[in-house]
Amino acid sequence: MPSLESLLLPAVLFFALGFIARVIKSDLRFPPDLAKVLSIYLLMAIGLHGGYELAKSDMVIALTSIIWALVLGFVLPIIGYLSLVATRKVNPMDAAAISAHYGSVSAGTFLTAIAYLDNIGVTYESYPMIMLAVMESPAIVVGLLLAAKARRSQSLSNVPSAGAVVPSTPVDNTSESGFGSLLRDAFTNGSVVILIGSMIIGAISTPSGMSKLFPFIDDIFMGVLCLFLFEMGMVAARRIGDFKKVGLVLAAFGIVMPLVGGVAGAFIGHSMLGFSVGGATLVAVLAASASYIAVPPAMRLAVPEANPSYYLTLSLGITFPFNVLIGIPLYHSLVKMMAAA
Amino acid sequence: MITLYPEKLLSIITISSMEDRLVSMFKKYGVSGFTILRARGEGSSGYEADISGFDSNILVTVIVSEKRMEPILESIERKLKKGYHLTTYISDVQVISPDKFN
Amino acid sequence: MITLYPEKLLSIITISSMEDRLVSMFKKYGVSGFTILRARGEGSSGYEADISGFDSNILVTVIVSEKRMEPILESIERKLKKGYHLTTYISDVQVISPDKFN
Amino acid sequence: MITLYPEKLLSIITISSMEDRLVSMFKKYGVSGFTILRARGEGSSGYEADISGFDSNILVTVIVSEKRMEPILESIERKLKKGYHLTTYISDVQVISPDKFN
Amino acid sequence: MPSLESLLLPAVLFFALGFIARVIKSDLRFPPDLAKVLSIYLLMAIGLHGGYELAKSDMVIALTSIIWALVLGFVLPIIGYLSLVATRKVNPMDAAAISAHYGSVSAGTFLTAIAYLDNIGVTYESYPMIMLAVMESPAIVVGLLLAAKARRSQSLSNVPSAGAVVPSTPVDNTSESGFGSLLRDAFTNGSVVILIGSMIIGAISTPSGMSKLFPFIDDIFMGVLCLFLFEMGMVAARRIGDFKKVGLVLAAFGIVMPLVGGVAGAFIGHSMLGFSVGGATLVAVLAASASYIAVPPAMRLAVPEANPSYYLTLSLGITFPFNVLIGIPLYHSLVKMMAAA
Amino acid sequence: MPSLESLLLPAVLFFALGFIARVIKSDLRFPPDLAKVLSIYLLMAIGLHGGYELAKSDMVIALTSIIWALVLGFVLPIIGYLSLVATRKVNPMDAAAISAHYGSVSAGTFLTAIAYLDNIGVTYESYPMIMLAVMESPAIVVGLLLAAKARRSQSLSNVPSAGAVVPSTPVDNTSESGFGSLLRDAFTNGSVVILIGSMIIGAISTPSGMSKLFPFIDDIFMGVLCLFLFEMGMVAARRIGDFKKVGLVLAAFGIVMPLVGGVAGAFIGHSMLGFSVGGATLVAVLAASASYIAVPPAMRLAVPEANPSYYLTLSLGITFPFNVLIGIPLYHSLVKMMAAA
């Protein structure tokens, strides 16, 4: 059974350990900056690797991958938004903020999938790595557009309270109203800069320069991933504590939406892009995963009306553990079935 | 005997991603400086850890003369109405060199 | 002109392992929130570095209405009598939205 | 009803390399303790990040009785005249155990 | 001479360097979170290794080791407490808090001993690793019991001051009086969670998963240990500055107590458990070492009446340097003599 | 062209990436302690290596290197000071503080030069490593002396304001006036302690102890250097923003002064010390580089009258990028020309 094999991967076990540590109320805490350092390392390592491989790859497939990544990034949040609004359990602003997370991606989930495939000896293309970089941001833009639309329809109720503002003071639209600046933020996001920057460096560096880097980006990679997932397990357990606030319908969305994404991604990876089983599994994982690094702060700034508990609990507390523990082997089986068909 | 002069100390607790906006607002209203400390905490929007890159609070403090305070408070109130979380409080302080804060 | 309302700001400096107890005490007495900052310092019990995991101080701040303050102070006093080190001080602050802290 | 006693809270924001000097100055003037927090900020001397080892601010706070304050403020003023940057402010606080700070 | 050989080990030299840096009043400071990160890594690495080895080991010996670890953890603090009370230099609360440290263990000392044995090519069993995990907590419980006993006999003087508390306010026994919660704290302690969790992961992971982790937990281990001991040298030097506060009798306790523990441990390791010279040396080191991570915060919470300067100076400023510089080669010689006899 | 080859080194590319990240206003921030941790590692690694090599080296050459390092450390700041005063663009206090930076060294630049030489397969002696350690501090002393001289000539204007101090209070010359304590600070500086301490440890450790350390100090070295330069690129970009405050003449000093130093260093390395092309290039880089770790805080304390914007912008914002991107290949070519002549 693939699921058990996935569970016995050290990276997944450390995720579980972090989760359990919180459940048994251990006083274990990681220093506040450790997760950030680990994720800088992970993005740098995967970017350098990806860039190094991509330099030898087919640019036409690379471009096609980018286009499909954009399609996923734009379409998934819209599906999510419409489903959420249909449930009538959240208001449109919350729906916009939540669904933006599902159009973006989780590098932690992606890396766990890579560890999973490596462990069972399945190879994969390097194109999904560009898709990872490409998919970070577009969903933020879609989220903003959906929120703007929702805000317009609510605007009647907001006018009176805004009227309380003394009109003689200078209007400080420093950046709140600046859609352009939010757009720029989305694409100059720190994770995107590390990932794309490292990919370019991996692609253009001299081979002798790269060879000096490989021990750093290869040998300790799995250990760093384990530490990162250890901490993420603690974070997820803290977030899942808000499960009750979120309610059953929303919680179900946190499992159904990745399944929808996973099927879409598997189809695109396998049928549209013609990737191997490993590569298509990675595309499925990208589509299924929800962002918890880039999108939450963007939504806090751009959609302050939305309740952060909702999107953080869904993305970190439900979808992330689901994907790491169950989703990855599931999407892999699905792609294997597609390939066999 | 050192002479002391009254000023106001404005403190704001919010999420770290609000930093750039607050700073540009301060500059717009001509404050002489500001200080930022990392914080975590709990309030109406739940618990904020201080995990950098995930969620983290900041405590922003500004020493400012009473006369410059009003437009800053108005700007904060506008932000609160938009839904931003800014736990704000003001206290009276005394300083040695008042020209520094004007 | 923005109206300001008076509240109290309670600050406690203590070792970081006291955090959970203070937080559950606050919750028991119904405060609306709290903020925690990492600190180091020196006092009657010697120097506390901020080496996490070894010893480290925290500065805990709570904005609270005067009427809720009394039981909290009594609880702090009980802890002091048991031997805990809690450097405690209170100051007057003014806030924009008083309902937030009640 | 807990009795509260008035004290002064002195706060100084400066670069972290000033720490040792401030601490030895405090000890010379007999303060009972101090607390230090990491900070970053901007003022007349430009932006200070909190990159440890490069540049970083600290916020130093001392609770001290009014009578001990004067020589400390004079020492700060002398340092300011030498060109050191010390953003200094004082506020009124109330404490539970006044003997602790005397 | 073994002692010199021990001193020329990089790990020990870095400890000395840290110590000297403080003595010459260098402005060298490590970032406040570095020691924590390094110790998370060290516990994880040693746990994974230990678990991996243990999975192949004899469960009867493992269980016997655990029982002897418990015996040491319970008996050593009682010996310590009785000796300290007999000196009449500290009050019973301080005696309770101090002696709890000596029943627990120092992972830093244990790892230095491993580096020492590795360096001179002496092999050892993996059972002492479980003993390390087992011994973290029981002494905390003994410390609490001793303090409760001491508190009861002092209670007459405490009643009046407690009477000052206005009786109408709700009694806030949130957790102070909760002996159960302190007990739970002792066993869900962060170090214990990392160590036992990593041992389990090391034992149940698939071999191919573990093989990806070995470069991380092996290759950089010694370097990380050096950095950790570098910082610990600085911490020890800061603590030994309080030497005068502690007084000569207490300082002597900080050297005699590890010798007592070392002899007891050597005997148990060699004669009771039948370990090799390396393994018995490690048991001696466990018994001789004093905790400075898990026990101090526990004592601060549970025995607030005790003066932290005493136990921190003894454990970090005296016993830790003594064991690293002199104790380890000494216990090793002792075991060799026992084995030769 | 050597310059391009240098630019395609991963370490240099990451420096550029950090720079660009700030220019495009990315929200990318490294945790505040990461740079410190990375530089502790880099100093430790280079020190251990250097000490290990030095133990096998010629002590006469080592001593001669130290003497030439001292000469550079004392003479370069004086040249800098006189040039700056001659420009009449800064006051003497600023001139003293700025020029102290140029007599000291930048370990980051030195390590980039090592990466550059390694990449193109050029070997070098280990003596420049001791010169790196030796040159950290003397320039601080020269800076203090120059500032004291400047302060004396300005003293007339200071007396009245000092007269405002109430004379009855105890004079608190705790350490400000203590030239001795500043001197001690200069030589017990954290970087110097790590570097010299690690060199000694590298020299006296047992070979078997060192062999356990090599994976740590070798394999991940280049990766850590990349991360460090990534952050330094961001810092440099932030500092170069103050370019306008500094003015064109000062900015030019930030490029001319390293060229002067580079020529002096190349000459000393090649002709006086008789080093190989690699070794002489490293000496040139030492002389050309400006300190940004040890000297700025020392100047803040000792020369508070000087404006930190000036020396930080010059050292971090102009000279450091210049050396990393252009200087290193330039000094290398220069030494090659000397060697060919």
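We just call them A, B, C, D, E and F in the order they show up, numbering each chain from 1.
To be clear about the criterion, a residue touches a chain if its C-beta (ideal position, glycine included) is under 8 Å from a C-beta of that chain, and two chains touch if they have at least 3 such contacts.
What you see is a predicted model, and the numbers here were worked out from it, not measured in a lab.
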Path length in the contact graph (chain A to chain D, fewest steps): 2
Taking each chain's C-alpha mean as its centre, the one farthest from chain D: A
Chain pair, C-D or C-E, that carries the greater number of C-beta contacts: C-E
Cα-centroid distance, chain B relative to chain D, in whole angstrom: 19
Intercentroid distance (Cα basis), chain C paired with chain A, Å: 37
CA centroid of chain C to CA centroid of chain F, Å: 44
Residues of chain E whose C-beta touches two or more other chains: 27, 29, 31-33, 36, 190, 219-220
Junction residues of chain C, two or more chains touched: 17, 37-38, 40, 52, 74, 77, 91-92
Interface residues, chain A side, partner chain F - complex: 33, 36-37, 40-41, 44, 48, 184-185, 188-190, 193-194, 197-198, 200-201, 204-206, 208-210, 212-213, 215-217, 219-220
Residues of chain C that touch chain B when the two form their complex: 1-2, 4, 7, 9, 23, 32-38, 63, 91-97, 100
Chain C to chain E touching residues, read off their complex: 15, 17-18, 20-21, 24-25, 28, 38, 40, 45-47, 49-56, 71, 74-75, 77-79, 81-85
In the complex with chain D, residue positions of chain C that touch it: 11, 13, 37-44, 57, 59, 70, 73-74, 76-77, 80, 87-92
Chain D-facing residues of chain F, complex: 32-33, 35-36, 39, 161-162, 164-166, 169-170, 172, 174-176, 190, 235, 238, 242, 292-293, 296-297, 300-301, 304-309, 312
